[in-house]
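Letters A, B, C and D mark the chains as written, and numbering starts fresh at 1 in each.
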Amino acid sequence: MSERPLVIAAPHPRTLEMIFTPDALARFRERYDILETTAGALEALPPDTLARARYLVGQPDLSDALLAAMTGLRAIVNVEGNFTDNMPYERCFERGIHVLVTSSVFAEPVAEIGLGMALSLHRQIAQADADFRRGDEVWGLDGNGSAQLLSSSRVGIVGFGDLGRCLNRLLAGFRAKVLVHDPWLPDSILADHGVEAVSLDALLSGADTVFVTASVTADNQHLFDADAFAAMKPGAAFVLLSRAGIVDFDAMREAAASGRIKVATDVFPDEPPAADDPVRSTPNMLLSAHRAGALTVAFQRMGDIVLDDLALMDRGLPPARARRAERETVRRMRSKPVSKS
Amino acid sequence: MSERPLVIAAPHPRTLEMIFTPDALARFRERYDILETTAGALEALPPDTLARARYLVGQPDLSDALLAAMTGLRAIVNVEGNFTDNMPYERCFERGIHVLVTSSVFAEPVAEIGLGMALSLHRQIAQADADFRRGDEVWGLDGNGSAQLLSSSRVGIVGFGDLGRCLNRLLAGFRAKVLVHDPWLPDSILADHGVEAVSLDALLSGADTVFVTASVTADNQHLFDADAFAAMKPGAAFVLLSRAGIVDFDAMREAAASGRIKVATDVFPDEPPAADDPVRSTPNMLLSAHRAGALTVAFQRMGDIVLDDLALMDRGLPPARARRAERETVRRMRSKPVSKS
Amino acid sequence: MSERPLVIAAPHPRTLEMIFTPDALARFRERYDILETTAGALEALPPDTLARARYLVGQPDLSDALLAAMTGLRAIVNVEGNFTDNMPYERCFERGIHVLVTSSVFAEPVAEIGLGMALSLHRQIAQADADFRRGDEVWGLDGNGSAQLLSSSRVGIVGFGDLGRCLNRLLAGFRAKVLVHDPWLPDSILADHGVEAVSLDALLSGADTVFVTASVTADNQHLFDADAFAAMKPGAAFVLLSRAGIVDFDAMREAAASGRIKVATDVFPDEPPAADDPVRSTPNMLLSAHRAGALTVAFQRMGDIVLDDLALMDRGLPPARARRAERETVRRMRSKPVSKS
Amino acid sequence: MSERPLVIAAPHPRTLEMIFTPDALARFRERYDILETTAGALEALPPDTLARARYLVGQPDLSDALLAAMTGLRAIVNVEGNFTDNMPYERCFERGIHVLVTSSVFAEPVAEIGLGMALSLHRQIAQADADFRRGDEVWGLDGNGSAQLLSSSRVGIVGFGDLGRCLNRLLAGFRAKVLVHDPWLPDSILADHGVEAVSLDALLSGADTVFVTASVTADNQHLFDADAFAAMKPGAAFVLLSRAGIVDFDAMREAAASGRIKVATDVFPDEPPAADDPVRSTPNMLLSAHRAGALTVAFQRMGDIVLDDLALMDRGLPPARARRAERETVRRMRSKPVSKS
């Protein structure tokens, strides 16, 4: 009988092959007994198997009874990216089971494309290429009427979690003034990152570029509406990187169509939008088909986090890489989980 | 009679209104007697006027005789951006006349668009927007087959003058390994900037992204030929930011067309290319109509440099902001000056 | 009857006047009902008072019964700096009571003096001043026989908590190679901070300067013994910033006395050491009377943390500034708490 | 007959063995014909030898005739560190002979000890060690009455050449507000380094720490007098790193003796001061016997600069590492050269 710790893996909609590199997966299989299963099949596992499980990798629906049966459980590691209301988190907190999520892997790819989108908007990189291919490009200074530099400009970041912090890091060389709005953090923490804490109004009216990185919560649906876009500086760029629910999408599209601001978005209320959705032909918009975070290399970093944090917990230490669910906020999230990766 | 120093201004193809903000121009006119003229009219100026000129702002053709007549001259400030073989530089050096150029103003706008182009190539930002508008966008992971992160990748910079250094600065937050090839600088200076000095071969075969920032000189025309592109890593990005003469343009276009590498270029052998030039329909290319540096805000920074350096020289101090022509290299440059801005 | 939340304050050995600036204390008193008390008097509080307490600021001995009586408690905030085995932490974790400590305030003052000590050792700043005052200073190059630069050298940091990270930040401008040993953290987290994870052996034999910032735990008492000092590079500096228990103090003193290494220490096994303790006359040592963290400004930052985190918890959000006790490690600490500040 | 270029070496008061590592010296001897000589013997060299010399490494007295005889000279490389009025610089400029100095090697060692001195003053590191050895140390908070943090404080730097810039770099991790006064540089260059250009008055009254790095010139002798010290913040630190001539030394000593400010100095009007000079017993002072720059490793970096820049000039390129003498300022310097290293 194996002496290796038991891991129950129910990673759907991910697969182990997706979240581990081949090398990392081999190490994972070497260190642990892995029982790969699905949410539906969990209930049917024998009680002693459930009792022996040290870790659950995945985010299956869990009943109170099922969690109670996993008497040796130390941690649940969500590899989808969002916490949803499908397990008894309070019981986990009481029992000292760590509830973890590996979503930090998306910060770097999303921040990079976000910065690329901002540069493309301010310098019309995509537009200029399309013009050139159609044969009506405009040369030199004449083609730069609305061009702006990011360097030494004012950049607003809404939400200062992994993604907002990564964006701030990527901006390090630009010497920009970074304004941040994050109601979940005290000003002092923002100051410690070298950014200025501001109200949402001050951010909207002050920033030449606005990056929206905040998750959708019960409190911020349609936070960015027509009034918000009207408050932005003329010619400013609005880059939506988190979820469509945080904006009034029609108002955003109209603000771009009017030419008042420039908009880039990776997310849409319905994905894909209909073939005749006006967003597909709106000028001053840069459209991306929910591709910002979905890089093979990002998913594979999830496995590294799993390996590192399980190794720490095996040694009786707390996990250090994955983000932990918080009692206070785990139920506030409103992001729809992805149905497929 | 005025006691203000005399500046002869012959800024063509720029104008004073272009290289100064209105405020800066007012200050310039307040501090100096400004005689605005053209290359052709210079010869006709009275000898005492020429003798009284302390500074020449511009890059007109200058004969030995004309320079000799400007007996009080302290500096010539080129506001076009390139030194050309149109004045007796040796005489200037002998006489201790500073020969200056304000081209550093272009570094930031060109570096920003270069970084934006690299991000666009690696994440297909422009391509994905065009696909979306045509209705055949690919969603999520499926759309990211060739996507690469700049973070923690290897970035090559060819040429480490103002532009290369600015690019390196913008990359600060990306934690990339920066490889630099610049035969005019010792390795120690590159190390001091935190980059690694490498041969051109090592740069081409090692970098995931290659930025070409080197000016064209007598020595490097067509430096990047078919062999160079073949030596690059598959899927790498090549971003041409300086002058078309440094590449074999057809070979570059073919390397992109073949899908082996991705290419972005701001410059072309003939500008504009013909309507039926194949470059206009080459895939894996990002096309920009010589727009990288030509921002109003960049030109206006020239005036700030002029004001700062003239103020220093007025006080008997050396200029500190504009770059100086070097005896050894001023005649090596082969960039065609712009005929209009 | 007050509607302000009730805070029980039992900050001994601190006082509220010590951990708050006058302004911050005024704000604290305005926002909360403050009941100042002592560990001994806690038991005597009426049950409804205990039940109404939302926060406990301080680190008094707490029995199970007392904690149970505080039914509305959201957080205990330790303002001494170390967790000791004087309260039922497990009950807190079960109930979701945050157990917090404000010790991060000491990181900056301790890191600064640590860096100052390292520079003083490598450049004999203190020694040279003493020589000068005695009239036997050695001038110029002759006085720099054992001098070393920190720039571009190899710096080892043992323990990478608040203090180790702050030291690494202060070193940013030195371009040093920073080697870190911290068995509680995966290599990936160290790499993310730009430092290299190494074994303790590799750190000792490779570093020109060793900073010890790790807390004393059950596992690391006398971690640095005669063998460890013998493994260090000749002429290297050893700077002890945490607790004396982590070193074999006699061995450390002898390593300095022998001239093989240079040593600075802020802590001693018995404080103060006896008047005739040989440490008081050991050469190649820099002695500091447990003064590294004890700055008025540091203590006062504790109050800012208290205010920020209580404000977050008042709004139903998790605390964000104070460090949390971890189930796994809270009982491993062996630091003696201070008896007075 | 050798085809290697001829270097005349007259490095007194340095020696080649002092300014080159053994490896670098071997490379130097391999690449060049080296003729080691002294100022006095130069005149006696045969005309064809003088005519063949491509480089002069050293700072010997040179007459017009001697310079004229060196018809092939490309550069004079000063390895003492200061330009003095002992050669016809104007002739060099006319002929396009580079006049170079390798003094940048001192920036790092001087900046490091300067930072160490500032930390020692603000935290009484040297004083506390002396107290401890005498048995009257003061423990903990009681011993920190006048302690100040450098982090987030205001730091003033007077003079922003190699040394001032290096200090600013070392301060990068401290998040200090850096105020700079340098009348030879426009504000824009200081802003580009992330520091704030201020008047000397604003610097003195605003800074918690003042570093003096400016060379002595005709204009700034005794720039820091009793009024200047009176204008400083009480408890501020004054760190003198350049030359004693820039301060009224008695006034500085008295300002320290009064306890109003803290002072560190590496330089003295007469070196060494007399045995009974009151400076030797002044409290609140940190004394260093002109040891700040005189590190073996610093001198040896001179040789690396020589090798790099000669290699560039051999290839017809301008030197890039050594600082160049400027026509406008070379004669303004008033530093006494060192008589011995």
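Operating definition for what follows: a contact is a pair of C-beta atoms (placed from the backbone, for glycine too) under 8 Å apart; a residue touches a chain by one contact, two chains touch by 3 or more.
By chain, with names taken from UniProt: A, B, C, D = Hydroxyacid dehydrogenase.
Keep in mind the model is a prediction, meaning the values are calculated, not measured.
With contact taken as defined at the outset, there is no chain that touches chain B (Hydroxyacid dehydrogenase) as well as chain D (Hydroxyacid dehydrogenase). The chains touching chain A (Hydroxyacid dehydrogenase) as well as chain B (Hydroxyacid dehydrogenase) do not exist; no chain touches both. Measuring from the averaged C-alpha position of chain A (Hydroxyacid dehydrogenase) to that of chain C (Hydroxyacid dehydrogenase) gives a distance of 34 Å.
Each chain gets one centre point, the mean of its Cα atoms, and the points for chain A (Hydroxyacid dehydrogenase) and chain D (Hydroxyacid dehydrogenase) are 51 Å apart.
Within chain D (Hydroxyacid dehydrogenase), contacts with two or more other chains are made by no residue at all. Taken pair by pair, the chains that touch are A-B, A-C, B-D, C-D.
Across the complex, chain B (Hydroxyacid dehydrogenase) meets chain D (Hydroxyacid dehydrogenase) through its residues 93-94, 96, 184-186, 188-189, 304, 308-309, 311-313, 316-318, 320-321, 326-329. Residues of chain C (Hydroxyacid dehydrogenase) that touch chain D (Hydroxyacid dehydrogenase) in their complex: 108-109, 112-113, 115-117, 119-120, 123, 125-126, 128-133, 135, 137-141, 143-144, 147, 149-151, 169-174, 271-272, 275, 280-281, 286-291, 294-297, 299, 338, 340-341.
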